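Here come two complexes built around chain A, the first alongside chain B, the second alongside chain C.
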Partner chain A sequence: MSDQDAARGGSAGPRGAYAIERSRIDDWVSTVLALGEVIAPMAGHGGDVLYAPVETPDQVLWEFDNSLHPPKEVLLPQTDPLFEIRGERSGWQVAAVRPREPRILLNARSCDASGIRFLRGVHEEDLRDSAYLRRDADLTVVSLSCPQPCSQGFCICCDAGPFLDDGFDVQLTDLGEVLLAEVGSAKGEALVRTSDGLFRPASEQELSRRRMLEAVAIDSFGESTCHFGSAMRRISTGRVVEALWDTMSDWCFECGACTLVCPTCYCFSIKDRQSGGGWQRCRMWDSCQYGAFTLEASGHNPRPHRKDRVKRRFYHKVSAQYYLRDGTVGCVGCGRCVTVCLGTTDMPAVVTAIRKGVWNG
Partner chain B sequence: MRTVLTSCPFCGCGCGLYVHARDGIPSGVAASQHHPVSQGRLCARGWSAHAAAAWGPRLTRPMLRRDGELRGADWGEALDTAARGLARLRSSGRSIGVIASPRLTNEESYLAVRLARGALGTPHIDAPLRAEFALALAGIGEVSGVASSRGTLQDVEASDAILLVEGDLAASHPRAASAITRAVAAGAKLVCCGPAATQMSRLATLSFTWRPGAETDSLAPLIAGALAAGAGEPGAGQLAAGLDALRASLAAIAVGDQARAAARWLVEAARPSVVVAPFPAAPAAVRRVTVAVANLAALCGGLGRPGSALLVLPTRSNAQGSLDMGVTPEALPGGRPLDDGGLRDRLAAAWGTAVTADRGVDAADMVGQTSGLVIVGDALAGGVPPVGPAGEALSGSELVVVLDAFASPALDAADVVLPVAAAIESSGTVTGADGWLRRVRPGGDPPGEARGAWWVLAELGRRLGLGGGPDSPDQVLEEIANVVPGYRGVDRGALDTGWGVLLPAPPVDRAALQPLPAPASPSDDRIVMLDGVYDWGSDPLVDHAPILCRDERSRRKLFPRGQVAMAPGDAEALGVRQGWLVKLVSNHGEAVLPVVLRRELAPGRLSVPFAFRYMLADVLAGMPSASVRVERV
Partner chain C sequence: MSPELARARTQRGATRVTLTSANPYQPAPARIMRISEEVADTRLFDLRFEAPDLAERFQYNPGQFIQLSILGVGEAPFSLPSSPTRRGAFQLCIRRAGTFTNYLFDHVREGDLVGVRGPLGNGFPVDQFAGHDLLLVAGGLGMVPLRGLLQYLIDLRHRFGRVMLVYGSRTPDQVLFRSELTSMSRRGDAEITLTVDATAGQPWDGKVGVVTQLVDNLHVDVPKTFAVACGPPVFYQFLLERLVAAGFGKDRIFLSLERRMECGVGKCGHCAVGYTFTCLHGPVFSYWDAINLPELIYT
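And now, the complex of A and B:
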């Protein structure tokens, strides 16, 4: 059992599998709503999907294309108040800002559940980020497996979907009349157990149907793949032509969106915001793609040119050094960077360029 | 947490985004995957659209200047003081100007016009950057008969040949750059024209760099090439008037191989598109360029052909809507001429007062020259006054009323300060360059006592004798839909159920080709030019956004004495190296700046970032470029 799994109160891998009738799913969501804040995919404007707190079970989407905005926002908001600083008669008082109640992330796609697992590892590494980890410990992740790959997704290349073996508290799979609920942690167990009467142990037939759906999903991946292995070999053995970064960086517009929506990115800046009579110390999303992100106080910038920053992104996400540290590439194959990129320097495109040594726009 | 869909407040692309607010304070942005403009793609500015409102120095209560100091006041007192002062100026026949930010909603812009031409009886109403945008559109109108853009960024993205005329599109309009980049990646031919090499010109199939002052000379070979490739011949699509005169004006133009190839791509394309982004040029040149570009679009069949766009991108988000609402000294709402008596009567009936139909002065001329000045929104961030501290420039006015969300240098001269909602907290509509009317929804609550600018403008109007109301931005839109040409009968329901409403554009029946000016005589002058038309770094929405302001601020910090870029060969010839000082001497004056080397600059061209324009003010004397002598210091 790893530290991180222990922190979640359970062993790696499914602890048990249950089934719930589809007709009872709203009853279950009602039960979960009573336990804390439920964040689930909801319909936005004109076909958009957004993860947001729901108030009633009927707001929850069960069949949807994944939200362009990652649910990592639940743990790592774009503006993230960490603590309040107030002047009192007795001196300065510092108080942590915490979510008011336990939270449940419902229907996270496999890639996003994997992203949350990745971020947990990062925040446990070296200096433990207690603010993040406390919030993570207060969150129960209910993932929803993906019977069909999404159009830009390549989770299959990152071991982050379409179905998960671990890294979730509960993994739901839609079997038609029933939903299969695989429990991955004590927190997950609690979520299923508090709903007495709604769940029953899953049958062998249901488990075999889940395996069949997974096999079909895996077979359904088309062109959207990303061969990290050979790219990582080239990066880690210094076999990427330098001129490639020059060429590719002209196809990047420094929007930073690839990093902002990436389920595994966590770069931030800190700033104090005046609020009432004191301050609120906030962590804010930042991006290694922004020019002054690495600007040092001396005026020196180790990554002054766009090509340096584009290169840095891939040398982080797809290098053996970080693979050894994190146990995975810094990508869960959600394909969001393909959609949000103002240019064309998304993960699959750049990985292909690194492998082939040429850039085709 | 609250999440609303709204329109991006930065440039004129018209992207849609969701804004999150925690406790009423904007806290983040999410891209909208299905928004027809942005399609999930936002630039760095869009991703920080929430930030200035949350982090900027907000004005939270009305203020009045008493004994030389701005002091808090209540709304009634502040509005009464402003209205009394303005009424006094009006009754004593003194001039009053209204400068309205092109970031205001249509409703706010309309109310600003109602305040100026109605309540204050003054024709001096303008927005910064309006003149250049209006000139660019006027050039299009000269050829097509309709002074407006056509088509959308989606059309551009699906085009197979694109002509881009730009200063630096990747910096000014990243989302438009994205549309073009995707088209290029899909195989489209891109032809770039502008004063300098840019990121887009590096992606282009062919690019042409013009000499400032001789802009159309780089477009003339393309037009001549298009004619040579058979465009304009009977049977080659739209027949246009003026063909012979155009041909005659191009008789002496030599068409090189590159121009011939580029022209052929545009002529043979099934869906040719033209995108015009802001470029630094003298006002008359802006118009000459868009006339030339519209000629080319007409010859290629790109005017009015479905799927072919001709887009003029304004620098700021609602420049199009602001112009449509009549924020201009030279036209009535809807772009109608000032002598349109029918429209004036309709406006007068709606406003309950006569409508002034004189021609007013431009924003730049209002500053310091009008006795009273009403500044609505972040109008002074758009280059008014062009150089120098705003407070000083405004001090010539007797009464300065400022409606703003943020503390700004204008407060130094303000007599009345009325705190309003930031753009991201506003309600109403905006109009994109693509002619789409879209909703702006409040992504947060204005802090303290700040109110929507529409309410403040309505209250000022009421106190200056206009009738009651409006009571909401929707009521203003209802009035707009009744009286503003082009907005008549807008389906307000569709604004909420869909992504917006496409405003009807008059058809282009028959283009009137315009002859091109004679080529400029060759010149070996060294020319120094500004590299843009707008300083995003001093835009409050950038400057107050913690992540976004960093690049701009650090550049200023790194170059405290400014910089002038030149080609390495020029530096070599002068005997200067990176960081050394050079003196630039024009007919108007001189300036000393340190050199940075830029390989992409053509020999003899020097470029100074727009943000450092004030360091070059004496050399340029108000123009975007000047011939100079360069000396090593």
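And now, the complex of A and C:
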């Protein structure tokens, strides 16, 4: 482990490291395609990058700017049928909606793999959400490390990249002629093992090159990132002046886009929808930034003002109380909120404003 | 995760409840045995789980709630106004207030099958109450969860000291469980004071005035007493400080709070207050907890 790794609290590291020749990568993807549905970044209509099921290895992108929508939809679809209800009101039965099947998420960026790990923690916490966790258990996450930080990203401030120590099943790193595959779990080990002859144990030089790439990537973030410490102290103790929240929330358009594209946001509503001859009970994405999110049947709304909702979002993501609960800030530094916010109420802007006490919206 | 974090997680003391199903979102079929009109637009439903073993096994604390499903319409959370001491069936007291309850009132009849999942939430700390006097203060529909507690206290009468209820309604025709409360009072099981904001020309032999004023007139042995309150937000604003002024410790005042809830298991985020979920760590909070969660009572 390099000094830099140690300084970042690097763990004992993955279970094993393998290497695969770049020329054989399509062969590997073909093997993986035979194991189950493969969701990978691909070029959508108009050239946008999106995560979708691929059918052939050549659809998979290996060099790309991260997608606008995180691959969290793989585990948490916008409309997610929880179960199906068949029969009449006088006598009905509940049936499972989808069979269990192995799926592979290929080339998730480090931030998105961290987002999936975060969501796992949330759904394991307190009462286990078996509906989510079963799907999570059936998914193998192959992450792709980021030697080049993306323009809006600040994953380095969230321990969510550019390279990961854990939280993946396999982490791929592009070393040029060779791809390094670090295995982080038994599921990952199985994925590498099923491809006989394609992978060989990685050499010391390859591991050393990976460490060098990580150091360079970390270094290239510069200083202008997202410093959570001060914001966390002030938000956790309620020491952010109200006037600052007022000003910041003036820049929020309540569109909810920040929460919809956030890899760690998971709030939802439960609705029934008609399906065939029966009904499906679905969980559907919702956003804490919408006024009706907390509206009660009595008409009472505990968060009637936009400011209350903006406050809530950052309390949930940045407070020490939630840090203790989740073991991390509720942010993976992907920078998507920076991209989509119509105003400027994004994570780095708000964290900076709280730290400096001044809003430069 | 570090050991400290792991410890912090387990120490948070979230509720451990046995749900009706392994999938926390899946309701169990329950039959509506009886529907009675409690007051205008508020009905009392008697329910029983369809599966006989579940009907017998279903255990809950007073103050817990369930999610009621009407298939194809959705689900909504409701307090349990019945007591777990009365096994086999349970009750719901529901006021017509929105899409779900409109459907419930207009289309669901006795004998229909609905879905129920729960019990959810923590409920009142009844073990802590044992051997103490209880002062229950209800405002409006806040009587619903307190009626479950009251029945529980009466059913296990020997375990508790004085049981006092102060219950305020808008008008005489809005008083819930009126005949039951009257007979409880007549039997001497509980000291019950009913009050209305206005008589609105209806016959009324109780008090007139807001509930918070009546608390002052009770001769309560404060150090021996736990106060339990449930009512609309405005009710808490006046009541809580009055109880504190009367000498109640903030950790001896318990509140049952309302929030919009969807999942009931601490996932969907709707009922989050600070770092707690009303559906999981509540709906019963001590006043001490509540003042440390700024959004909880006042907005």
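Following the convention adopted for this analysis, the second predicted complex is superposed on the first by the 337 of 361 C-alpha atoms of A that agree within 3 Å, B and C clash if a C-alpha of one lies under 4 Å from a C-alpha of the other, contacts with A are read in each partner's own complex, and residues count from 1 in each chain.
Keep in mind that, in the parts below, a residue touches a chain if its C-beta (ideal position, glycine included) is under 8 Å from a C-beta of that chain, and two chains touch if they have at least 3 such contacts.
Everything quoted here is computed from the prediction, not taken from an experiment.
**Student:** Look at A:C341 in the shared chain and tell me whether it touches chain B only, chain C only, both, or neither; answer first, second, both or neither.
**Tutor:** A:C341: touches chain B, not chain C.
**Student:** Tell me which partner A:H45 touches in the superposition: chain B (first), chain C (second), both or neither.
**Tutor:** After superposition on chain A, A:H45 lies in contact with chain B alone.
**Student:** Taking the superposition as given, does A:V241 touch the first partner, chain B, the second, chain C, both, or neither?
**Tutor:** Touch status of A:V241: no partner.
**Student:** A:A190 in the overlay: touching chain B, chain C, both, or neither? Say first, second, both or neither.
**Tutor:** Once the two structures are laid over each other on A, A:A190 reaches no partner at all.
**Student:** Name the contact category of A:L207: first (chain B only), second (chain C only), both, or neither.
**Tutor:** Neither partner.
**Student:** Using the superposition on chain A described above, determine whether A:Y315 touches chain B (first), chain C (second), both, or neither.
**Tutor:** In the superposition, A:Y315 touches chain C alone.
**Student:** Classify the contacts of A:P53 with the two partner chains as first (chain B alone), second (chain C alone), both, or neither.
**Tutor:** So A:P53 only meets chain B here.
**Student:** Now for A:L295: first (chain B), second (chain C), both, or neither, which partner does it touch?
**Tutor:** Both partners, chain B and chain C.
**Student:** Of the two partner chains, chain B (first) and chain C (second), which one does A:A131 touch, if any: first, second, both, or neither?
**Tutor:** second
**Student:** Determine where on chain A the residues touched by chain B overlap those touched by chain C, and list them.
**Tutor:** 269, 271, 286, 293, 295
**Student:** Residue numbers of chain A touching chain C in their complex, please.
**Tutor:** Against chain C, chain A makes touches at 82-83, 85, 89-92, 94, 122-123, 125-131, 238, 266-272, 274, 279, 281, 283, 286, 288, 293-298, 300-304, 308, 312, 315-316, 319, 321-322, 324-325, 327.
**Student:** Tell me, which parts of chain A touch chain B in their complex?
**Tutor:** Where chain A meets chain B, its residues are 44-50, 52-53, 68-69, 73, 77-79, 81, 250-251, 253-257, 260-261, 269, 271, 273, 284-287, 290-293, 295, 299, 339-344, 361.
**Student:** Would you pull the chain C residues touching chain A in the complex into a rising list?
**Tutor:** 1-2, 5, 8-9, 12, 14-15, 17, 19, 22-27, 29, 69-76, 97-98, 100-101, 111-113, 232-233, 258-260, 262-263, 265-275, 280, 294-295, 299
**Student:** Which chain B residues qualify as touching chain A in the complex?
**Tutor:** Interface residues on the chain B side: 1, 3, 5, 18, 20, 22, 27-35, 39-44, 46-47, 50, 54-55, 170, 174-175, 177-178, 181-182, 184-185, 199, 202-203, 498-499, 546-547, 550-551, 553-554, 557-558.
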